[in-house]
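The first chain written gets the first letter, and so on, giving A, B and C; residue counts start at 1 in each chain.
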Amino acid sequence: MSYPKWNLSPDRFFDPEPAQRKVARELYESIADLPLICPHGHVDPRVFADEDYSFGSPTQMLIIPDHYVFRMLYSQGIPLEALGIPRRDGGPVETDHRKIWQLFADHFYLFRGTPTGVWLASEFVEVFGIEEKLTSETAQLIYDQIEACLQQPEFRPRALYERFNIEVLTTTDAATDTLEHHRRIRESGWHGDIRPTFRPDGVVNIDTPGWREEVCRLSEVSGIDITSYSLYIQALEQRRAFFKEMGATATDHAAESAYTEELSPAEAESIFQRALKGQATRDDARRFTAHMIMEMARMSIEDGLVMQFHVGSFRSHNRLIYERFGKDMGADIPLETEFTRNLHALLNKYGNDPRLTFIVFCLDEDTYARELAPLAGHYPAMRLGPPWWFYDSINGMIRYRDLVHETAGLYNTVGFNDDTRAFPSIPARHDLWRRVESNWLAGMVVRGIIDMQDAREMAVDSAYGLAKRAYRFG
Amino acid sequence: MSYPKWNLSPDRFFDPEPAQRKVARELYESIADLPLICPHGHVDPRVFADEDYSFGSPTQMLIIPDHYVFRMLYSQGIPLEALGIPRRDGGPVETDHRKIWQLFADHFYLFRGTPTGVWLASEFVEVFGIEEKLTSETAQLIYDQIEACLQQPEFRPRALYERFNIEVLTTTDAATDTLEHHRRIRESGWHGDIRPTFRPDGVVNIDTPGWREEVCRLSEVSGIDITSYSLYIQALEQRRAFFKEMGATATDHAAESAYTEELSPAEAESIFQRALKGQATRDDARRFTAHMIMEMARMSIEDGLVMQFHVGSFRSHNRLIYERFGKDMGADIPLETEFTRNLHALLNKYGNDPRLTFIVFCLDEDTYARELAPLAGHYPAMRLGPPWWFYDSINGMIRYRDLVHETAGLYNTVGFNDDTRAFPSIPARHDLWRRVESNWLAGMVVRGIIDMQDAREMAVDSAYGLAKRAYRFG
Amino acid sequence: MSYPKWNLSPDRFFDPEPAQRKVARELYESIADLPLICPHGHVDPRVFADEDYSFGSPTQMLIIPDHYVFRMLYSQGIPLEALGIPRRDGGPVETDHRKIWQLFADHFYLFRGTPTGVWLASEFVEVFGIEEKLTSETAQLIYDQIEACLQQPEFRPRALYERFNIEVLTTTDAATDTLEHHRRIRESGWHGDIRPTFRPDGVVNIDTPGWREEVCRLSEVSGIDITSYSLYIQALEQRRAFFKEMGATATDHAAESAYTEELSPAEAESIFQRALKGQATRDDARRFTAHMIMEMARMSIEDGLVMQFHVGSFRSHNRLIYERFGKDMGADIPLETEFTRNLHALLNKYGNDPRLTFIVFCLDEDTYARELAPLAGHYPAMRLGPPWWFYDSINGMIRYRDLVHETAGLYNTVGFNDDTRAFPSIPARHDLWRRVESNWLAGMVVRGIIDMQDAREMAVDSAYGLAKRAYRFG
């Protein structure tokens, strides 16, 4: 039987114009095999701690944990239950993984021309060696093939880490995390470089559900009985030191808005006490987060951890889905964001200090040229993160460089990060970035904006050097 | 005498790169002759009700009713009076249509590279068979040619409807409209498929001038004496049923902002009573509209009418022009718009219901990638309308796909609608869309993002299938 | 010794696709040698007043006065002191110009692909005849070459003015300026056409530091003792008349927001009196500026001076830098801007008057398509200025036309202005505009949107005619 085949062009994502394509290919070839630097992501460290870890079924690996995949299916009326997404109340969901896979294949046309579609094609072909396009007809055949792969030792996470040529990979971990998996990895003697990242949102944003429980946990893990704001700060500093000891080079912070403000110690203490009593207001929460972001910048100057700031997502917009399935269900929607006024306090206090590396990510592309590039193009401490989430895509990357480069240049940006839970998609994501960046540089070469010598150096920096230096690896 | 000629390239609007152009042409040829689906527009149903209807003079057909045309002339200092636009006070305006036409021709250079320029060129050549470019020199010659055409039976609206290969065309009609012209069309036995759309803005937005008179009219046509909010809702439901009976498959709603909020019945009643007394405040109006948009979504779930929502125009920005000439005079200016927070109430209540099709149009392209694509890419009920008004243009369409597609995919969008009063421009508008879409798909093909098989199916959906299915025709 | 060379392609900034490139080149060649119209800029008139004026050292000419250059170096951690930027307190800064130049050359890679990089390359090659790329190795060699040039009479400003083929150049001057340099230029008999522009921000924005001193100076230069709002208005009108007499054809106004509002005479007087006493509030300042912008439009209608309005910069965002070095230090950051509501008062009062030319510049590209093009495409008085500051760049220009043209057309825009302090960079800036515009028009030609005849006329208008007519020169 003959089914339609994937057709991964060796020149994919390059401009069709032959002169530009030639230069793009040349640049791409010069960087395609550089090791992968993965300075920000959400892979579970457990997958490396257990050397026999398996990804389970194709459905378990590729559909159930990937909200990029199931939100698109949901948008077209397919219930999450039918996709096997577990309900919080333990209610019934589809458990037949082949049936879920078939449903996915029946609707795979929804992903045409989307990043998910492109990553999956690349993953199928290059990780699993599959030749046929995923359709209703080929669904079970492909399921068989992936299932067979996943039973081989070559498809254990550690083996893939090596095959993918990863140089370093960081995870994202709560401030209260004991980093046990990271400890097991280190103790195992495996040479893979897996590092934690300090993400204290759960203890910093006082309006997070379960904040008080998190603070109790922070007391426990730090051994500091957090009864005051200053003990709270001490505990955070102590956790940062622990993360650093465990290999962390960075922290990460999320907020709905970029607002920063320095509270007096008395104000901070009184908001903190209200929060402990469950009496904090919405405005308290807003100001406390604004203040803590500044505190985190101060600590970064002191301990040298690079600071990442992810801004502008309205989390769990769909209450029904949140109540039934929880968070991270594809219902986080970007918000309009403002940086010029909101970062004024932080940048004025810490932005001139070259010891700080403050990397900003945003979901509002309108701020790229208007606010972020001018800020990053002025303050020594500030850098601009790569296009994030919805913008981690071909067009998202093209717009990013188009809007950012002329003001901020290349060297106020920090290369790529894959920001993914989906470990097997990592090479596809970096490859896409490298191709799009090569094509961007080639576009400037053929337009006489830069010469080939400059382009070559910029390509290596974009693919490898910028991320490695910005995150202070090695 | 030899004048410069129009030069309508068969490859117009395609990328010049030969490989992409070849694919674009192939895709375009596969869809160029598909029937036109016109699910949203402003053609007067009268033109089809009267089988001998004539468009009048070239000036009456192409200049006087078209605010796209006369606003550009006005922006360069030509008074609307000189263009024959009727004044509200009946004051003198130019009545010599040849003189107006000459003025238009003298300034036709203003439209170079604009959608209006491109549509008109296509209309002149393909509808009226004119060869010469419109200039000061050719003005009267071309006037003669169009005038001669308009006297032929082949240029009656019904004949053009057939020549244009229209499969279905909808009009936009007030809730209080008796749909008399639609009734006449149906009774005439003509096979053209002309359908009304239910647009209740005049009775829903309580700050519309003349709102109370409109509510009286609504009482009359519905036979329900509207003395309370609940009778008002009943009357609206009854009108929707009547529109549906007359062939409507959709409703349409306009608002300055996308704000939605559900009022309690008591609040709704008390605002409604204040409005009846002419005592409603600005905030009452804002909240009442926000509430009624939600009510309309509820009704759509119940009666199956597709719901369109057009957001973000500051109507009649120029008071002088409004006072002298009325509304729709080219002085409606877009406003910055927010959807993530504003649609929260509506989408949380109705967005998970697949019986609802809620199509959003906006005039703030910044929301495409940031808000609309993520919302449409999650909620089963929501779809994104095509680029609207100022963005119904080559670059507007390119930006739309560039910004929307990677997150929402093709299938959370609804194809094209021409949204025009200018019936003879309809083929030009659809043709432009089909060309630009073919070129967009070709761009993805030659970049290896999609293959030709996928592109072919997407082209047909974009040109025909998406609109037909979204609007529930046939 | 052989160093890498600059490679200024004769086809630079053109699309690589051969058909488009050919048309772009043809259009560019037809306009490349047109005289330069420089209707808005910041060149110091002193450089023309003194016929022996020299630009000093290469460092003095190219680095110390150019915040585009030093802000990028600062963003990467190089202190401004090390670049010889004078401190307000007279504290020590680097004085060895060769050492500064070396530091600049060592970091010249930061400017790859930026407008500054492109302008400087063009300036080095075409103004100074330098062949080698600027690198650590060639730094001193190139310093020598530029230094040698600057000692030649051919590199005096007046000689360069002629060599650059400038037809008219305007400066920007405070309302209180005596225009002494302009007077000297006129009296010198030199035929260069250097004109002042009336920029009254210092006396109009009552929250400007030193406002009262500026008003005293205004009293002095006008001979009107400004004790009341109406005398203040008289003094401003008198200064405008003086500027006009001295050759000015335009005024210029800067504001953080585009807000306009007409105050009653009593309100204006009472805010003015509070300001004289140093008691004006922030809101007073906001409303007074809003009102004065409207007053300036009124005066423009009366005296015929073209009105420029530059909106949306958060000046001196970095307090440390402001305190140490003053303003214009590369720390001005754009703000989100709104025009539809904010210009409502001004445009309703004066926007229908064709005697007024009101040219708007902004730093928020989101408003191009959404607000500015629709406003300029309707109101007879309004025009849209070219891409400003961060957007005076290849991509900035491409986005500008992409977003503006389809709604506003070419003739509601006003061509180019270089807006620069850096006199020797003027030809590079105009050349870049002419190339990018030629390429834009060529793109429309090869896509069949306009024909070659139209493109040729549009090219001349873009490069020369629009600016000359909009600013009422000659």
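Going forward, a residue touches a chain if its C-beta (ideal position, glycine included) is under 8 Å from a C-beta of that chain, and two chains touch if they have at least 3 such contacts.
Only a predicted model underlies this, so the values are computations on that prediction, with no experimental measurement involved.
Colleague: Can you name the chains that touch subunit A as well as subunit B?
Modeller: Intersection of subunit A and subunit B contact lists gives C.
Colleague: How many degrees of rotation bring the Cα atoms of subunit A onto the matching Cα atoms of subunit C, given to the nearest 5?
Modeller: To map subunit A onto subunit C, rotate by about 120 degrees.
Colleague: Could you state the distance in Å from the CA-based centre of subunit B to that of subunit C?
Modeller: Taking the average C-alpha coordinate of subunit B and of subunit C, the gap between them is 40 Å.
Colleague: At least two other chains touched by the same residue of subunit A: list those residues.
Modeller: 17, 366
Colleague: Sort out for me which residues of subunit A touch subunit C in the complex.
Modeller: 17, 19-20, 338, 340-341, 344, 347-348, 351-352, 354, 366, 369-371, 373-380, 382, 402-403, 405-412, 443-444, 446-451, 453-454, 457-458
Colleague: Please output the residues of subunit A touching subunit B within their complex, sorted ascending.
Modeller: It is residues 4, 7-9, 11-17, 71-72, 74-77, 109-115, 118, 314, 317-321, 330-336, 363-366, 390-391, 393-396, 399 of subunit A that touch subunit B.
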